[in-house]
Amino acid sequence: MRLVFVIALLAVGVAVSTSGAVGILRMPDVYLRIQCSSKPVTLGALPVLVALVIAKGPVSSYGGRALIVAVLLLVMNPLATHALARAAYSVGIPMWSGAVVDQAAARAAGPTAAPHPGGGQPADREG
Amino acid sequence: MTLAIGVACLAEVVIGALLLIRVGLGPTVCDRIVALNTLSTQITLAVLLFAAFADRATYLDVSIWLASFSYLATIVWSRYLERGLL
Amino acid sequence: MFWAIDYACLALVVAAAVLVIRLRNLNGSVMALSAMGTVLALLFVVLGAPDDAHAQIVVGSIAVPTLYLIAIAKIRTEVVNEPELGEQGDTDAAADADAGRAGSGGDR
Amino acid sequence: MILGNYLAAVTLFCLGIYTVLTRRNLLKIVMGMSLMEASTYLFLLSLAYRNGSTAPVLLTPPHGQTPQRLAHGNVADPVLQNFCLTAIVIGVAVTGVFLAVVVRIAQHYRTLDADRVRDMRG
(Lines give C-alpha, C1' and ligand atoms only; values in the text may rest on other atoms or scores of the structure.)
Protein backbone atom coordinates (compact mmCIF):
# COMPACT_ATOMS: atom_id res chain seq x y z
CA MET A 1 0.00 0.00 0.00
CA ARG A 2 2.82 2.35 0.89
CA LEU A 3 4.62 1.30 -2.27
CA VAL A 4 1.61 2.26 -4.38
CA PHE A 5 1.45 5.71 -2.77
CA VAL A 6 5.17 6.25 -3.26
CA ILE A 7 5.14 5.21 -6.90
CA ALA A 8 2.07 7.31 -7.65
CA LEU A 9 3.52 10.42 -6.02
CA LEU A 10 6.87 9.95 -7.75
CA ALA A 11 5.14 9.52 -11.09
CA VAL A 12 3.08 12.68 -10.57
CA GLY A 13 6.13 14.69 -9.56
CA VAL A 14 8.29 13.50 -12.42
CA ALA A 15 5.48 14.05 -14.93
CA VAL A 16 4.87 17.63 -13.78
CA SER A 17 8.62 18.36 -13.76
CA THR A 18 8.88 16.95 -17.28
CA SER A 19 6.06 19.18 -18.44
CA GLY A 20 7.85 22.17 -16.95
CA ALA A 21 11.11 21.25 -18.66
CA VAL A 22 9.39 20.74 -22.00
CA GLY A 23 7.72 24.11 -21.51
CA ILE A 24 11.09 25.75 -20.91
CA LEU A 25 12.35 24.07 -24.05
CA ARG A 26 9.38 24.96 -26.25
CA MET A 27 8.06 28.34 -25.13
CA PRO A 28 8.83 31.27 -27.45
CA ASP A 29 9.69 33.93 -24.92
CA VAL A 30 11.71 34.60 -21.77
CA TYR A 31 8.68 35.51 -19.70
CA LEU A 32 6.74 32.43 -20.68
CA ARG A 33 9.80 30.35 -19.88
CA ILE A 34 9.95 31.98 -16.47
CA GLN A 35 6.32 30.97 -15.94
CA CYS A 36 7.26 27.41 -16.86
CA SER A 37 10.23 27.57 -14.52
CA SER A 38 8.30 28.78 -11.51
CA LYS A 39 5.05 26.93 -11.14
CA PRO A 40 5.37 23.43 -12.65
CA VAL A 41 8.78 22.86 -11.10
CA THR A 42 7.63 23.81 -7.62
CA LEU A 43 4.52 21.73 -8.08
CA GLY A 44 6.63 18.85 -9.36
CA ALA A 45 9.07 19.02 -6.47
CA LEU A 46 6.52 18.82 -3.67
CA PRO A 47 5.04 15.36 -4.55
CA VAL A 48 8.55 13.95 -4.77
CA LEU A 49 9.31 15.26 -1.28
CA VAL A 50 6.05 13.85 0.06
CA ALA A 51 6.86 10.51 -1.55
CA LEU A 52 10.26 10.55 0.12
CA VAL A 53 8.69 11.25 3.51
CA ILE A 54 6.18 8.41 2.99
CA ALA A 55 8.89 6.00 1.86
CA LYS A 56 11.29 6.67 4.72
CA GLY A 57 8.92 7.66 7.53
CA PRO A 58 8.29 11.19 8.76
CA VAL A 59 10.35 10.92 11.94
CA SER A 60 13.52 9.76 10.24
CA SER A 61 16.17 12.25 9.19
CA TYR A 62 14.63 12.23 5.71
CA GLY A 63 11.46 13.92 6.95
CA GLY A 64 13.21 16.90 8.49
CA ARG A 65 15.50 17.44 5.54
CA ALA A 66 12.62 17.12 3.09
CA LEU A 67 10.70 19.69 5.12
CA ILE A 68 13.65 22.12 5.01
CA VAL A 69 14.03 21.65 1.26
CA ALA A 70 10.28 22.16 0.76
CA VAL A 71 10.31 25.40 2.76
CA LEU A 72 13.36 26.63 0.84
CA LEU A 73 11.68 25.80 -2.46
CA LEU A 74 8.42 27.47 -1.54
CA VAL A 75 10.10 30.63 -0.24
CA MET A 76 13.06 31.10 -2.54
CA ASN A 77 11.74 29.94 -5.91
CA PRO A 78 9.15 32.74 -6.34
CA LEU A 79 11.70 35.24 -5.04
CA ALA A 80 14.38 34.20 -7.49
CA THR A 81 11.96 34.01 -10.39
CA HIS A 82 10.57 37.43 -9.60
CA ALA A 83 14.05 38.95 -9.46
CA LEU A 84 14.90 37.29 -12.74
CA ALA A 85 11.72 38.45 -14.48
CA ARG A 86 12.29 41.98 -13.25
CA ALA A 87 15.87 41.93 -14.51
CA ALA A 88 14.72 40.57 -17.87
CA TYR A 89 12.13 43.32 -18.17
CA SER A 90 14.51 46.07 -17.15
CA VAL A 91 17.19 45.16 -19.68
CA GLY A 92 14.48 45.27 -22.32
CA ILE A 93 14.21 41.75 -23.65
CA PRO A 94 11.33 41.88 -26.14
CA MET A 95 8.13 39.99 -25.60
CA TRP A 96 6.73 37.39 -27.90
CA SER A 97 4.92 38.89 -30.86
CA GLY A 98 1.69 37.24 -29.77
CA ALA A 99 1.68 38.85 -26.33
CA VAL A 100 -1.44 40.88 -25.73
CA VAL A 101 -0.86 42.91 -22.56
CA ASP A 102 2.07 44.70 -20.95
CA GLN A 103 0.81 46.13 -17.71
CA ALA A 104 4.17 47.50 -16.57
CA ALA A 105 4.61 49.54 -19.74
CA ALA A 106 1.02 50.76 -19.52
CA ARG A 107 1.61 51.87 -15.95
CA ALA A 108 4.89 53.56 -16.82
CA ALA A 109 3.33 55.37 -19.77
CA GLY A 110 0.39 56.66 -17.74
CA PRO A 111 -0.34 60.40 -17.44
CA THR A 112 1.10 60.74 -13.93
CA ALA A 113 4.01 58.43 -14.44
CA ALA A 114 6.66 61.14 -14.31
CA PRO A 115 6.83 61.72 -10.52
CA HIS A 116 6.43 58.03 -9.71
CA PRO A 117 7.79 55.88 -12.49
CA GLY A 118 6.95 52.28 -11.86
CA GLY A 119 4.65 52.57 -8.87
CA GLY A 120 1.06 53.42 -9.57
CA GLN A 121 -0.44 53.90 -6.14
CA PRO A 122 0.20 57.64 -5.48
CA ALA A 123 -0.82 58.48 -9.01
CA ASP A 124 -4.11 56.75 -8.48
CA ARG A 125 -4.73 58.76 -5.35
CA GLU A 126 -4.08 62.00 -7.20
CA GLY A 127 -6.28 61.18 -10.11
CA MET B 1 10.64 0.72 -3.54
CA THR B 2 14.36 1.33 -3.92
CA LEU B 3 14.08 0.62 -7.62
CA ALA B 4 11.24 3.13 -8.01
CA ILE B 5 13.26 5.80 -6.23
CA GLY B 6 16.26 5.06 -8.43
CA VAL B 7 14.17 5.32 -11.57
CA ALA B 8 12.82 8.67 -10.36
CA CYS B 9 16.40 9.88 -9.74
CA LEU B 10 17.37 8.87 -13.27
CA ALA B 11 14.28 10.64 -14.61
CA GLU B 12 15.32 13.86 -12.87
CA VAL B 13 18.75 13.62 -14.50
CA VAL B 14 17.11 13.13 -17.91
CA ILE B 15 15.00 16.25 -17.27
CA GLY B 16 18.29 17.99 -16.57
CA ALA B 17 19.44 16.97 -20.04
CA LEU B 18 16.35 18.67 -21.52
CA LEU B 19 17.21 21.83 -19.60
CA LEU B 20 20.82 21.69 -20.74
CA ILE B 21 19.56 21.95 -24.32
CA ARG B 22 17.94 25.25 -23.39
CA VAL B 23 21.17 26.40 -21.71
CA GLY B 24 22.95 25.85 -25.00
CA LEU B 25 20.17 27.17 -27.19
CA GLY B 26 18.83 30.15 -25.29
CA PRO B 27 19.09 33.34 -27.27
CA THR B 28 19.55 35.63 -24.28
CA VAL B 29 21.31 35.18 -20.98
CA CYS B 30 18.00 35.29 -19.12
CA ASP B 31 16.91 32.07 -20.84
CA ARG B 32 20.09 30.44 -19.71
CA ILE B 33 19.62 31.59 -16.12
CA VAL B 34 16.04 30.30 -16.11
CA ALA B 35 17.17 26.91 -17.37
CA LEU B 36 20.01 26.88 -14.86
CA ASN B 37 17.68 27.66 -11.96
CA THR B 38 15.41 24.81 -12.95
CA LEU B 39 18.41 22.53 -13.42
CA SER B 40 19.51 23.30 -9.87
CA THR B 41 16.07 22.39 -8.56
CA GLN B 42 16.12 19.12 -10.49
CA ILE B 43 19.61 18.27 -9.23
CA THR B 44 18.44 19.01 -5.68
CA LEU B 45 15.63 16.51 -6.08
CA ALA B 46 18.01 14.02 -7.68
CA VAL B 47 20.37 14.25 -4.71
CA LEU B 48 17.47 13.71 -2.31
CA LEU B 49 16.28 10.69 -4.27
CA PHE B 50 19.79 9.29 -4.50
CA ALA B 51 20.15 9.61 -0.73
CA ALA B 52 17.00 7.56 -0.35
CA PHE B 53 18.25 5.13 -3.00
CA ALA B 54 21.63 4.56 -1.34
CA ASP B 55 20.11 4.69 2.16
CA ARG B 56 22.61 7.23 3.42
CA ALA B 57 21.18 10.19 5.34
CA THR B 58 24.53 11.96 5.07
CA TYR B 59 23.87 12.82 1.44
CA LEU B 60 20.81 14.85 2.35
CA ASP B 61 22.81 17.85 3.52
CA VAL B 62 24.13 18.32 0.00
CA SER B 63 20.62 18.94 -1.25
CA ILE B 64 20.02 21.56 1.45
CA TRP B 65 23.20 23.39 0.42
CA LEU B 66 22.18 23.16 -3.20
CA ALA B 67 18.66 24.41 -2.53
CA SER B 68 19.86 27.41 -0.55
CA PHE B 69 22.85 28.44 -2.65
CA SER B 70 21.43 28.03 -6.13
CA TYR B 71 18.80 30.66 -5.46
CA LEU B 72 21.51 32.93 -4.12
CA ALA B 73 23.30 32.48 -7.43
CA THR B 74 20.14 33.25 -9.40
CA ILE B 75 19.48 36.42 -7.42
CA VAL B 76 23.08 37.57 -7.77
CA TRP B 77 23.07 36.97 -11.52
CA SER B 78 19.78 38.75 -12.06
CA ARG B 79 21.20 41.70 -10.16
CA TYR B 80 24.20 41.53 -12.48
CA LEU B 81 21.88 41.67 -15.45
CA GLU B 82 19.96 44.58 -14.03
CA ARG B 83 22.67 46.92 -12.82
CA GLY B 84 26.07 45.36 -13.43
CA LEU B 85 27.95 43.54 -10.76
CA LEU B 86 30.39 46.30 -9.86
CA MET C 1 20.61 1.31 -11.43
CA PHE C 2 23.65 2.93 -9.90
CA TRP C 3 25.59 2.74 -13.11
CA ALA C 4 22.70 4.17 -15.09
CA ILE C 5 22.65 7.27 -12.86
CA ASP C 6 26.44 7.45 -13.05
CA TYR C 7 26.53 7.32 -16.84
CA ALA C 8 23.68 9.81 -17.18
CA CYS C 9 25.60 12.26 -15.01
CA LEU C 10 28.77 11.66 -17.02
CA ALA C 11 26.91 12.33 -20.26
CA LEU C 12 25.52 15.57 -18.85
CA VAL C 13 28.95 16.70 -17.66
CA VAL C 14 30.55 16.03 -21.04
CA ALA C 15 27.66 17.73 -22.86
CA ALA C 16 28.00 20.81 -20.64
CA ALA C 17 31.75 20.86 -21.31
CA VAL C 18 31.10 20.74 -25.07
CA LEU C 19 28.67 23.63 -24.61
CA VAL C 20 31.34 25.59 -22.74
CA ILE C 21 33.71 25.46 -25.67
CA ARG C 22 31.13 25.68 -28.46
CA LEU C 23 29.09 28.69 -27.37
CA ARG C 24 30.39 31.94 -28.80
CA ASN C 25 28.64 34.06 -26.20
CA LEU C 26 30.90 34.50 -23.19
CA ASN C 27 28.04 34.78 -20.70
CA GLY C 28 26.56 31.62 -22.18
CA SER C 29 29.84 29.83 -21.68
CA VAL C 30 29.85 30.89 -18.05
CA MET C 31 26.30 29.58 -17.59
CA ALA C 32 27.30 26.25 -19.16
CA LEU C 33 30.25 26.12 -16.76
CA SER C 34 27.86 26.62 -13.86
CA ALA C 35 25.62 23.84 -15.16
CA MET C 36 28.67 21.58 -15.38
CA GLY C 37 29.55 22.36 -11.76
CA THR C 38 26.04 21.56 -10.58
CA VAL C 39 25.88 18.24 -12.40
CA LEU C 40 29.40 17.45 -11.20
CA ALA C 41 28.19 17.90 -7.61
CA LEU C 42 25.51 15.25 -8.22
CA LEU C 43 28.18 13.02 -9.72
CA PHE C 44 30.32 13.44 -6.62
CA VAL C 45 27.40 12.40 -4.45
CA VAL C 46 26.87 9.37 -6.66
CA LEU C 47 30.54 8.46 -6.35
CA GLY C 48 30.31 8.63 -2.57
CA ALA C 49 31.97 11.91 -1.69
CA PRO C 50 29.46 14.27 -0.06
CA ASP C 51 32.14 16.61 1.33
CA ASP C 52 33.53 17.17 -2.13
CA ALA C 53 29.99 17.76 -3.30
CA HIS C 54 29.60 20.53 -0.71
CA ALA C 55 32.78 22.22 -1.89
CA GLN C 56 31.87 21.74 -5.53
CA ILE C 57 28.44 23.31 -5.07
CA VAL C 58 29.81 26.44 -3.45
CA VAL C 59 32.89 26.71 -5.65
CA GLY C 60 32.06 25.21 -8.99
CA SER C 61 28.49 26.28 -9.49
CA ILE C 62 28.46 29.68 -7.76
CA ALA C 63 31.85 31.18 -6.87
CA VAL C 64 33.72 30.50 -10.09
CA PRO C 65 30.91 31.71 -12.42
CA THR C 66 30.54 34.83 -10.30
CA LEU C 67 34.29 35.41 -10.63
CA TYR C 68 33.96 35.02 -14.40
CA LEU C 69 31.04 37.43 -14.50
CA ILE C 70 33.01 40.01 -12.48
CA ALA C 71 35.92 39.62 -14.90
CA ILE C 72 33.64 40.00 -17.93
CA ALA C 73 31.99 43.07 -16.42
CA LYS C 74 35.37 44.69 -15.75
CA ILE C 75 36.74 43.81 -19.17
CA ARG C 76 33.70 45.16 -20.97
CA THR C 77 34.46 48.68 -19.76
CA GLU C 78 38.07 48.44 -20.96
CA VAL C 79 37.95 46.55 -24.24
CA VAL C 80 35.92 47.83 -27.14
CA ASN C 81 33.29 45.44 -28.41
CA GLU C 82 34.86 42.48 -30.17
CA PRO C 83 32.41 39.68 -29.70
CA GLU C 84 33.62 36.95 -32.04
CA LEU C 85 37.13 36.73 -30.72
CA GLY C 86 38.91 33.50 -31.50
CA GLU C 87 35.93 31.87 -33.14
CA GLN C 88 36.83 31.31 -36.75
CA GLY C 89 34.16 29.26 -38.39
CA ASP C 90 30.95 30.14 -36.63
CA THR C 91 27.92 30.79 -38.73
CA ASP C 92 25.28 30.68 -36.05
CA ALA C 93 25.30 34.39 -35.45
CA ALA C 94 21.59 34.39 -36.11
CA ALA C 95 20.95 32.62 -32.82
CA ASP C 96 22.37 35.46 -30.81
CA ALA C 97 21.18 38.18 -33.12
CA ASP C 98 17.74 36.68 -32.76
CA ALA C 99 17.33 38.50 -29.47
CA GLY C 100 17.25 41.72 -31.40
CA ARG C 101 17.28 44.00 -28.44
CA ALA C 102 17.95 47.66 -28.70
CA GLY C 103 20.61 49.10 -26.49
CA SER C 104 24.34 49.03 -26.24
CA GLY C 105 24.67 46.18 -23.80
CA GLY C 106 25.40 43.61 -26.46
CA ASP C 107 24.53 40.22 -25.06
CA ARG C 108 23.59 41.37 -21.61
CA MET D 1 32.36 -0.42 -15.25
CA ILE D 2 34.31 2.41 -13.68
CA LEU D 3 36.16 2.65 -17.01
CA GLY D 4 33.44 4.97 -18.27
CA ASN D 5 34.39 7.49 -15.61
CA TYR D 6 38.01 7.38 -16.68
CA LEU D 7 37.01 7.86 -20.31
CA ALA D 8 34.84 10.84 -19.38
CA ALA D 9 37.72 12.36 -17.41
CA VAL D 10 40.02 11.92 -20.41
CA THR D 11 37.38 13.47 -22.67
CA LEU D 12 37.06 16.47 -20.36
CA PHE D 13 40.83 16.90 -20.29
CA CYS D 14 41.04 16.72 -24.08
CA LEU D 15 38.24 19.29 -24.44
CA GLY D 16 40.03 21.61 -22.03
CA ILE D 17 43.39 21.32 -23.72
CA TYR D 18 41.73 21.80 -27.13
CA THR D 19 40.23 25.03 -25.83
CA VAL D 20 43.55 26.22 -24.42
CA LEU D 21 45.41 25.45 -27.63
CA THR D 22 43.00 26.72 -30.26
CA ARG D 23 41.04 29.63 -28.84
CA ARG D 24 42.36 33.16 -28.97
CA ASN D 25 40.15 34.71 -26.34
CA LEU D 26 41.93 34.81 -23.00
CA LEU D 27 38.74 34.16 -21.04
CA LYS D 28 38.08 31.06 -23.13
CA ILE D 29 41.59 29.87 -22.30
CA VAL D 30 40.88 30.27 -18.59
CA MET D 31 37.63 28.34 -19.10
CA GLY D 32 39.63 25.53 -20.70
CA MET D 33 41.77 25.43 -17.61
CA SER D 34 38.62 25.15 -15.51
CA LEU D 35 37.57 22.18 -17.64
CA MET D 36 40.92 20.51 -17.00
CA GLU D 37 40.49 21.09 -13.26
CA ALA D 38 37.07 19.44 -13.43
CA SER D 39 38.58 16.44 -15.20
CA THR D 40 41.11 16.19 -12.37
CA TYR D 41 38.35 16.07 -9.76
CA LEU D 42 36.50 13.42 -11.71
CA PHE D 43 39.62 11.31 -12.12
CA LEU D 44 40.53 11.47 -8.42
CA LEU D 45 37.04 10.53 -7.30
CA SER D 46 36.85 7.70 -9.82
CA LEU D 47 40.10 6.38 -8.40
CA ALA D 48 38.67 6.65 -4.90
CA TYR D 49 35.50 4.73 -5.77
CA ARG D 50 35.51 0.98 -5.34
CA ASN D 51 32.84 -1.30 -6.66
CA GLY D 52 29.67 -1.00 -4.63
CA SER D 53 31.21 1.26 -2.02
CA THR D 54 29.58 4.02 -0.03
CA ALA D 55 30.79 7.27 1.48
CA PRO D 56 33.48 7.01 4.17
CA VAL D 57 31.21 8.64 6.75
CA LEU D 58 30.39 6.51 9.76
CA LEU D 59 27.43 8.56 11.01
CA THR D 60 23.95 7.31 10.08
CA PRO D 61 25.04 4.06 8.43
CA PRO D 62 22.79 2.34 5.88
CA HIS D 63 19.93 0.19 7.06
CA GLY D 64 21.12 -2.99 8.79
CA GLN D 65 24.72 -1.91 9.23
CA THR D 66 26.66 -0.63 12.19
CA PRO D 67 29.53 1.92 12.12
CA GLN D 68 32.00 -0.84 12.98
CA ARG D 69 30.92 -2.98 10.04
CA LEU D 70 30.94 0.09 7.82
CA ALA D 71 34.50 0.92 8.88
CA HIS D 72 35.65 -2.58 8.01
CA GLY D 73 33.44 -2.84 4.98
CA ASN D 74 33.40 -1.35 1.54
CA VAL D 75 33.88 2.41 1.66
CA ALA D 76 35.49 4.75 -0.83
CA ASP D 77 39.05 5.88 -0.25
CA PRO D 78 38.99 8.97 2.00
CA VAL D 79 42.56 10.00 1.22
CA LEU D 80 41.89 10.56 -2.47
CA GLN D 81 38.68 12.37 -1.61
CA ASN D 82 40.68 14.75 0.54
CA PHE D 83 43.10 15.26 -2.32
CA CYS D 84 40.09 16.14 -4.45
CA LEU D 85 38.84 18.59 -1.82
CA THR D 86 42.23 20.30 -1.74
CA ALA D 87 42.25 20.41 -5.53
CA ILE D 88 38.83 22.09 -5.58
CA VAL D 89 39.86 24.75 -3.08
CA ILE D 90 43.14 25.43 -4.84
CA GLY D 91 41.37 25.44 -8.20
CA VAL D 92 39.12 28.35 -7.30
CA ALA D 93 42.13 30.34 -6.05
CA VAL D 94 44.06 29.62 -9.24
CA THR D 95 41.07 30.61 -11.36
CA GLY D 96 40.79 33.87 -9.44
CA VAL D 97 44.46 34.63 -10.03
CA PHE D 98 44.14 33.85 -13.74
CA LEU D 99 41.11 36.09 -14.06
CA ALA D 100 42.91 38.91 -12.26
CA VAL D 101 45.80 38.56 -14.70
CA VAL D 102 43.37 38.60 -17.63
CA VAL D 103 41.72 41.76 -16.31
CA ARG D 104 45.11 43.42 -15.92
CA ILE D 105 46.07 42.42 -19.47
CA ALA D 106 42.80 43.83 -20.77
CA GLN D 107 43.37 47.09 -18.90
CA HIS D 108 46.95 47.39 -20.11
CA TYR D 109 46.77 46.29 -23.74
CA ARG D 110 43.11 47.18 -24.39
CA THR D 111 42.55 43.84 -26.05
CA LEU D 112 41.61 40.31 -25.13
CA ASP D 113 43.23 38.53 -28.04
CA ALA D 114 46.23 36.35 -27.18
CA ASP D 115 47.90 36.87 -30.57
CA ARG D 116 47.51 40.63 -30.51
CA VAL D 117 48.85 40.75 -26.96
CA ARG D 118 51.93 38.87 -28.16
CA ASP D 119 52.34 41.23 -31.14
CA MET D 120 52.16 44.29 -28.96
CA ARG D 121 54.67 42.90 -26.52
CA GLY D 122 57.23 41.86 -29.11
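Labels for the chains are A, B, C and D, by order of writing; each one numbers its residues from 1.
Assume a contact is a pair of C-beta atoms (placed from the backbone, for glycine too) under 8 Å apart; a residue touches a chain by one contact, two chains touch by 3 or more.
In UniProt terms, the chains line up like this: A, B = Cation:proton antiporter; C = MrpA C-terminal/MbhD domain-containing protein; D = NADH-ubiquinone oxidoreductase chain 4L.
None of the values given here were measured: they were computed from a predicted structure.
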Quiz item: What chains do chain B and chain D have as common neighbours?
Solution: C
Exercise. Could you pull out the chain whose C-alpha mean position is farthest off from that of chain B?
Key: D
Quiz prompt | Cα-centroid distance, chain C relative to chain D, in whole angstrom | solution = 15
Practice problem: Could you put a whole-Å number on the gap between the CA centroids of chain A and chain C? | Solution: 23
Self-check item: Set of chain A residues in contact with two or more other chains
Solution: 61, 91, 93
Exercise. Enumerate the residues of chain B that touch no fewer than two other chains.
Key: 28, 33, 51, 57-59, 61, 81
Practice problem: At least two other chains touched by the same residue of chain D: list those residues. | Solution: 54-55, 57, 60
Practice problem: Spell out the part of chain D that touches chain C in their complex, as residue ranges. | Solution: 1, 4-5, 8, 11-12, 15-16, 18-19, 22-25, 27-28, 30-32, 34-35, 38, 41-42, 45-46, 48-49, 53-57, 75-76, 81, 84-85, 88-89, 91-92, 95-96, 99, 102-103, 106-107, 110-114
Quiz prompt | Residues on chain C engaged by chain B in the complex (per definition of touch) | solution = 1-2, 4-5, 8-9, 11-12, 15-16, 19, 22-23, 25, 27-28, 31-32, 34-35, 38-39, 41-42, 45-46, 50, 53-54, 57-58, 61-62, 65-66, 69-70, 73-74, 95-96, 98-99, 101, 107-108
Quiz item: Along chain B, where are the residues that touch chain A in the complex?
Solution: 1, 4-5, 8, 11-12, 15, 18-19, 21-22, 28, 30-31, 33-35, 37-38, 41-42, 44-45, 48-49, 51-52, 57, 60-61, 63-64, 67-68, 71, 74-75, 78-79, 81-82
Quiz item: Quick one: in the complex, what on chain B touches chain C?
Solution: 3, 6-7, 9-10, 13-14, 16-17, 20, 23-29, 32-33, 36, 39-40, 43, 46-47, 50-51, 53, 58-59, 61-62, 65-66, 69-70, 72-73, 76-77, 80-81, 84-86
Practice problem: Please name which positions on chain B make contact with chain D in the complex. | Solution: 54-59
